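One chain, chain A, appears in both complexes that follow, with chain B as partner in the first and chain C in the second.
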Partner chain A sequence: MSTTELTRTQPVTTQPRSAARSRWRLTFNGALLAPGVILLGVLSIVPLVTLIVMSFSRVHLLGGIRLEWAGLDNWTRALTDPDLWQSWALTLLYFVATLGIEMVLGLAIAILLSKVVRGQGPLMVLILLPMFAAPAIVGLVGRYLTDPTFGLYAWFMQQVGFSQDILGNPVSAFVAVTLMDVWEWTPLIVLISLAGLSSVNPSIIEAASLDGANQWRMLRHIILPSITNILLVALLIRSMDAVRYFDIITVTTNGGPADATKIVPLRLYEAGFRFFDLGYAAVIGLMMLVLTIVIARLFVRLLTGKGQRP
Partner chain B sequence: MTSSTPPPPLSRRGFLQFGGLGAGALLGASALGGCTSNTASTAVASATGDAWRQFAGTTINFISENTAPTAAIAADLRPFFELTGITVNVVSLELQALVQRVALDLAGGQSQYDVIYADPYQVLAPYSAGLADLRELNAGSSLPSLEQGFADFIPTQLKATGQFGAGGEIFALPYDAPTMIWQYRADIFDKYGDRMASDLGFDPTPGSDRTWEEYWRIADWINKYVNEIPFGTGQQAKQHDSLMCDFSNVLWSYGGDYFENGQDVGLYGTREPGPCLLRQPEAVEAAQFYNRLVSIAHPGSRGWDWDGVANALRAGQIAMTPNWHENAASNEMAQPGRIDYAPLPRGPKRSANIFGGTGIAISGNSTGARRGAAWLFANWATSPKTQLSNLKSRVGGGTPTRESVYDLAEVEKAAHRPSKLPNMLTTAAVTTAWEPEYIGLRPKIPMWNECDTALFTELSRMLAGQQSPESAMNAAADKIDKIVARGWVA
Partner chain C sequence: MKPVAETSSTFPTGHRNTPAPRGIRSGRRIAKIGAVFAGLLIVVWTVVPLVWMLLGSIKSSADVTAATPRLFFTPTLDNYIGLFSGANNLTPYLVHSVIAAVGSAVIATVLGALGGYALSRTKIKGKDALSFWFISTRMAPIAAVVLPLFLMFRLAGLIDTLPGLILAYLSFNLPFAIWIMSAFFDGIPPSLEESAKVAGCSQWQAFWYVALPLTKAGLVTTAVLCLVFAWNDYAFATVISGPNSQTLPIAATQLVTQTGVDWGQLTAIGTIVVLPMILAGVAVRRWLVSGLTLGAVTGE
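Moving on to the complex of A and B:
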């Protein structure tokens, strides 16, 4: 081997080592981020690991928390529990219903609002008001409005021939709690959609109008494609919330009648904080976590896909 | 909601007794509140030599459901503070939130709550191992014992709210005593009684001589012929604990029960109650009747709990309902002189009136001066004098749990109109309801909360027409058996 060859080969052997070293070196930015990332990791990972361990245990509370190994008992119970699966079906139905209605209604109101020239500010305030009420208060208001003795909505329903208690009938109770959520959170979709609508280039709309496009075609081919990303963000935010819907149902029906409104978060609460069956609650919690991650990934992928499209 | 007594003032006498050092200790105790040390209170105790003042300067926490007796006590803690020098922070919560906090407090072993409102089914049965045996505190030579002893408490209430298991320990002192009785619009019965009797063929006057079948017929008659009131009866048939309570009255009266030796399981409690009896024909018959009863009740019944029916009765929406007797004071305010009370109707076996009373207990983790102070508070809060003053409270107050209070002339007088203590208008009905052959006691087992949920969910499905009464009872029994077989974990 010649000297020239040696000198030529030296960088070849040392380069990967230094590259590896530089890859693992903590940069200035990394150092600044590290405390936050470590804290976040501790706050997220420790509870997650605990939750997983709990899901394979019987959790004893008295005399200090103690975990007793239960193997797959909790998981088997959850996977074979017909009541839990009924709750999952209800959760899915509720999820689709609330998000569907909220998106359609929210977008429609936003489009109408964007056409308003005078008084848009006061109208906007009125439309956004429900969003500022705490969900428990929305539940209480809903309960009073549907009360069969003095509720306004109950009176309207009685006038059209529905004499039963709205919250006492399985179908009407489910519809009622869904609409209460729609009432509270449609304004958020309005707000987000309106922000999206304001970013649509007016010259394109003007050009389409000159070309003879009607309102529906403009909505379908210009406005909606322009605000799809923003709508996806709205959908992502609302879907995360919808999976955790709890307050309004607790205040109004508490899961009844006949379990018609007992969606999974209520069952989780019941297992964890009413029956103190924390191992079983951990399983339900983990199932919810998986669902949330799947939904989030789905929307993020859709968003990323949209962003990459030329 | 939290309320507390003001910080203890420094009396002139106390200052002269202790001099600068004693005053310093007292001031320190005042400032530290809950952190008061045993040394400080012992110093005060030895100086005063008064058993009730030996823990002066201590601060304790009392966690309670937001009930009328607690509202009355929280509204007037000054007499206790003047008697003992102890500051009591009252944390008043909805029952479910209370159960969570107590469970986590006992798990943590820190005794944030010294005195606990111990619901027999959600706190006492599951967590009795974490509560102090009050017999030891009552017998302690340095602590004041209960005025007239344990024997002054109504016997069934002391057992139902205070004991768990066969060991004879007393974990809680009877504190409130809500019991379901028949509440009805006396004016309607006065006005239509004769016509009703003639049409129905029996005397409709409410009482334990009436049967549930007759109750149904009275309700149906009112639905058809009384214009002043829309519906004859209202039931608390929401998918809630209230549905189990409402149904249990019928279940027991028809001879059904949840477990073998139901009365003993209700009085003393057990961890292994055996197989569930809801599949038996008596239970199915009771469910069939209850289904029929709700079908003619006010349509709001399926969405009402006990507050719902109480409001409906006061609003003139229904003529009668089974409900907790402690609603009497509010009833009298809304419909003065119009609502009367009787024990619930009987079924083929008996009249059963579900008891919902609760005791107050002391956390087993509470030690030293705080444990002593907690005993003084529990002792004072359930004393005849305090129970009498609660009865007179402007914020409601409960009904006494001591026999001696019912023997007082002013309390006896208040059982009849015009009454200054309207809750006492129920005296005749509840004293009958508390007799062993009339009282209804749900099973005192640690896993009752889950069994209760299984039952009221299946009943709710039955009322929604999704299953027959027989299927509902079978499904509930299957679930209860599984829950019991799993055992109590926490």
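Moving on to the complex of A and C:
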């Protein structure tokens, strides 16, 4: 997401080439790419520049939009705000918890599914369903399920002795929003891992089992090493999505109780659209963007590193 | 690309390979029972919230908030009727959702097919950089994108309009569509178009009549996934939309008020939002792996 990359490609498309035919071919491709690239430029590079400018400004909305130069004011405020750093720590904890559980659970379910000989298709469809649900709806249904007076899951918890308001208690609220995310996105890891498992060469497994390798050693030494790349793809895709989506928390706890679930994007929304401190919010936005770009860089390197898609 | 479900059945199962001694065989039986039980547990965990939502939507207001959860009750359509006849009618929300999601999906797929083809076939030097730009734009945090868009749209008068919402959705659907269509075109050998060109086709004809029909599945998958992403959005809509453009997820959250929540109607909206996307998603499940990993993993 930077201007240099766009401009770097432009001279090439218009550059005259020695062979007339190949020159025409490049301009044809350029013409096909142009509408998308131009529109995307408006929707990605202009916002990026705006975001950077905003982060150095005081943004006034009343009586027409005005940007007033504020120097490093927003930056120093953000970088020295202990609440924001606490949100980052919480975000890290939330990422590690959701991604960790989703990866382990997803891989385990995929291994289990790969052993199913008959009815694997329908089973897979059932397991995939949560992925298509709108996260905001997942959050709302989560609230319905955990409501202390009539929630189904709250009722189960009461039967086993936990009778507090699940979303009202800092620890259980954090666990609840984590599990909602796990519910929705583990299927994605299952889907990707299963594709990886089915690409493992069956003859290698056959040979290993003839050599007397048991299931566990086969998994540990043959299957897992051969799907590392695919698991890495799953992890990177999920981590980028984890930075993107926060709807579940917004509609369930909105960061509460006592900031126990206030991850960074929620703080950005609060700063930007409740206190209309858009300059400060822009700093938080840029911090998040840097994180995504680092992950995206790793992802692209993984894709192109081996000269082919894994 | 073969369907995952079919290819993975070639994955050999351990017990088929070698005749095992008796002790191991009974051990395996226990393992098998354990696996079936675990599988059952997984399916229950996955399906219960969705089923509970569906059941909630056809419960009367007394049943939906009964202190002891009720599995058996007299079903009613009151919640759905209430949604489409009450003071705050759901119809405009539904219309906004459809226009915004379909609009962005169609524009993204058309521009994605053109750009993706070019990206797949071109040999320009900046291709990697261009790819990186597409991926990082697709994956850019919504919270970071919505801030400048809010400012830009306010200047351009696009706040609370459907074109504004469509543009906001294009900010993630367009790079996705270009990228994923290029992955689908990568799977079609250029030699086919080359021979078409030898036979007298123009570049455009080779694209339109040869390459494009071969990637129909890719087009459908791209369109469906774009539709799902836009339809399910909440974070953009909550900032950019207003009374003239609010979508279904916004309508659902508006039912949560200080004075209480009408859970019957809320689960009904939830069902209306979730069900069509489940059907659409399941319809393209063969290509989901490629689509959702941005082409990094194919179902083969």
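By our rule, the second predicted complex is superposed on the first by the 253 of 310 C-alpha atoms of A that agree within 3 Å, B and C clash if a C-alpha of one lies under 4 Å from a C-alpha of the other, contacts with A are read in each partner's own complex, and residues count from 1 in each chain.
One rule holds for everything that comes next: a contact is a pair of C-beta atoms (placed from the backbone, for glycine too) under 8 Å apart; a residue touches a chain by one contact, two chains touch by 3 or more.
Since this is a predicted model, take the numbers as computed values, not measurements.
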Contacts of A:65 with chain B and chain C, given as first, second, both or neither: both
Which of chain B and chain C A:207 touches, first, second, both or neither: neither
Contacts of A:148 with chain B and chain C, given as first, second, both or neither: first
Touching partner for A:298 - first (chain B), second (chain C), both, neither: neither
Contacts of A:104 with chain B and chain C, given as first, second, both or neither: neither
Touched partner set for A:255, first chain B, second chain C, both or neither: first
Most chain A residues touched (candidates chain B, chain C): C
Partner chain(s) touched by A:165 [first = chain B, second = chain C, both, neither]: first
Which superposed partner A:270 touches (first chain B, second chain C, both, neither): first
Touched partner set for A:96, first chain B, second chain C, both or neither: neither
Interface residues of chain A shared between complexes with chain B and chain C: 59, 61, 65, 149-150, 273, 278
Residues of chain B defined as touching chain A within the complex: 96, 99-100, 103-104, 106-109, 126-127, 129-130, 237-240, 298-303, 311-312, 315, 317, 447, 449-450, 453, 457, 460-461, 463-464, 466, 489-490
List of chain A residues in touch with chain C within their complex: 1-2, 5-6, 8-9, 12-13, 24-26, 28-33, 35-37, 39-40, 43-44, 46-48, 50-51, 54, 59, 61, 65, 109, 112-117, 120-121, 123-138, 140-145, 149-152, 155, 183, 187-188, 191-192, 194-200, 202, 205-206, 209-210, 215, 218, 230, 233-234, 237, 240-241, 243-247, 250-251, 264-265, 268-269, 272-273, 278, 281-282, 284-286, 288-289, 291-293, 295-297, 299-300, 302-304, 309-310
Touch list for chain C against partner chain A, complex: 3-14, 17-18, 35, 38-39, 42-43, 45-50, 52-53, 56, 64-69, 111-112, 114-115, 117-119, 121-122, 124-137, 139-145, 147-152, 154-155, 167, 170-171, 174-175, 178, 183, 203-204, 207, 228, 231-235, 238-239, 249, 252-253, 256, 261, 263, 266-267, 269-270, 273-274, 277-278, 280-282, 285, 288-289, 292-300
Of chain A, residues touching chain B in the complex: 58-65, 147-150, 163-170, 253-260, 270, 273-279
